[in-house]
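Everything below concerns the one structure shown next.
A, B and C are the chain letters, set down in written order, and residue numbers restart from 1 in every chain.
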């Protein structure tokens, strides 16, 4: 039995009257990549935004149910505390435009006013950039603005920024949808390496991507979790006919 | 650690409170301005009654106050200024929005308008007094009317220069909003540029141009220094366009610091109240038209 | 080819209108050249180092300068900015942060209306609020009037710039566990700095030439005055008082002072437009 990090229990998420995530329960295991796939509007992004409590920032949005990070219910914790333990990478690369590459990586410390000394900070920057496979490309221009990097590099910078906080989990919301195939491949490769340190939850509408990188896959449709299983099983013999149709490209 | 987060939470609360209270303060300031003027106007309204608006004598010595001459003076000066400036602002906005749109050569007129808009009112007034007044005096000699130089006409002339940049910038924005595909459709039917302007651009932009003119009118209304220096400061209802007169703003500028009695001062404040109300009404109508027809 | 003459006529009309519009447009150059020509010619011929570093002297005496007015202008600018900038920025943040709420839209409209208040009216208000209770004219009362004039511009500049900042930036900060106030202060405001700064500079350019609200607040003074609770001179006030005087030598000083004032105003305007372009943040 693998070590479970995250346990989602009867989670419902709403935008006002709209029921976006319907009674979802699933477990996420340590040092794995779990992919959440489904057609657009199926609630997959909303689901992971509940995990770091970003969902509730939208006007009129709320959640019911429980999400346990080990023994603590995320939904009843201080969102600021929980967001520092769970990193997130977004669809569009969003490095901080006023900050250098170096400052972007340690932004979580700097903006939060967490004091650490220079050598430790240098070490965090180097190791985070190395894990994000960006170090070799930027080590000579750490003081330059992050926004002058290419799209793929910017997205890896955002990954470095997330892992610099040493989170237990990182959430990725279609991180490669705005990138070219080459940059996409690079990010997929680094995620394979990254899962040794951190548990990864990735939202994708790209079936092939889910199949390539994930250990577990969840399939959502119209807010419901239709099927959740090991990826090997899911992509070879799905148990739900809807999953089967989706994998064959019948909808979405 | 939990101490740290409770501190953060407190700072966050303070910060949100600060944002809220600063906006509250803005509302407070606006209402205090109106309230201050109303309260300070009471003695004047009580003493003068309706004759404040209906009479035609302004004589602080005998404590007879009517603001009508200044209301008339303000309207005549501002309307004349608009009439002088409109051909120029419309031509310039068509030039910038149509003929030179996107061309490098438009930089000249853009800079001219920016520079004109940046000149302080006091400098317009001083220049008017030193340069324009003698010219107008010559002109009046030729026309055979008393060659004063100063008066409504001179004030309107200066005002018209001052408001051209303002009207033009609003009219230009509106002209730019005319959908390109409609214009192209007209061109494809063989219309000339003039025909496109006459039949497509002007009909589409006319309410916006009107609003721009109205906003400039509001600006001309409240303009003080340039007018004060060349209008001649005469406290009666003007008989001709070349006669010296006073606007609401220019009387306040001239007499406020010298107003000796409380009643005199209060009457000047009530004049300020009339000025505030009229310019807010004009401004609000202009803004209403622009948001109504052109935003989104 | 029956309609050929008609087409010719249309073409000619088109040409005439074009020429008329060009001529009318370029006529606007004339007043500008005349104003600048006179100010530069009369200003430069009357300007000297002594003029900039001496205080005014009574009429008839040789020399004399405008140091007190230059210093007064800058003191008034600093004082008004100290009052207006913090309030303007915080109010602007509030309006953009709540831009989807009805009440914020009402306040935003109110601020637009605010822009239409004639400056002389603000002079009256500052007189009632400050000059009357203190029983004397003072620089601080002038600064209050000027700061109220600055507020709408700064609020609008802040609000508009913040609205342009992509929401993803805020999400990035939130996802790192950054609390609201730090997100705004350390991420959003720095990204909006160029817009806010240029809005502030525009408003400074505007008030530095403003006279009407100072006539019965800061009032003016012939001596060098640094106490903000006493009457203080400023360049526009000095130009006004000299222009009204019957003495040609004071008119010459007023030309020179106009030259200095217009230089100051245009430096602020120039900085504002440079700031807008150069410091613009790329997202």
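Points to keep in mind about this one:
FYI, a contact is a pair of C-beta atoms (placed from the backbone, for glycine too) under 8 Å apart; a residue touches a chain by one contact, two chains touch by 3 or more.
This is a predicted model, so every value here is computed, not measured.
Among the other chains, the CA centroid farthest from that of chain C is the one of A. The chain closest to the protein's centre is C, with centres computed as averages of CA atoms. The geometric centre of chain A is 55 Å away from that of chain B, both derived from CA atoms. Distance from the chain A centre to the chain C centre is 48 Å, each centre being the mean of its Cα atoms.
For the pair chain B and chain C, the distance between C-alpha centroids works out to 16 Å. Within chain A, contacts with two or more other chains are made by residues 80-81.
Within chain B, contacts with two or more other chains are made by residues 8-9.
For chain C, residues that reach two or more other chains under the stated contact definition are 179, 182.
Note for the complex: chain C touches chain A at residues 100, 166, 168-169, 171-179, 182-183, 186-187, 190-191, 193, 281-283. The residues of chain B lying in touch with chain C in their complex are 8-9, 11-12, 14-16, 18-20, 22-23, 25-27, 29-30, 32-33, 36-37, 40, 87-88, 91-92, 94-95, 99, 108-109, 112-116, 118-127, 129-131, 161, 164, 192-195, 197, 215, 218, 221-225, 229, 249, 252-253, 256-257, 268-269, 272, 275-276, 279-280, 282-284, 287. Chain A makes touch with chain C in their complex at residues 52, 54, 57, 59, 79-85, 87-88, 90, 92, 94-98, 107-108, 110-113, 145, 147-148, 158, 161-162, 165. Residues of chain A that touch chain B in their complex: 78, 80-81. Residues of chain C touching chain B in their complex: 10-11, 13-14, 17-18, 20-22, 24-29, 31-32, 34-36, 38-39, 86-87, 90-91, 93-95, 97, 104, 107, 109-125, 127-129, 148, 151, 155, 179-182, 184-185, 205, 208-212, 215-216, 219, 236, 239-240, 243-244, 251, 254-255, 258, 261-262, 265-266, 269.
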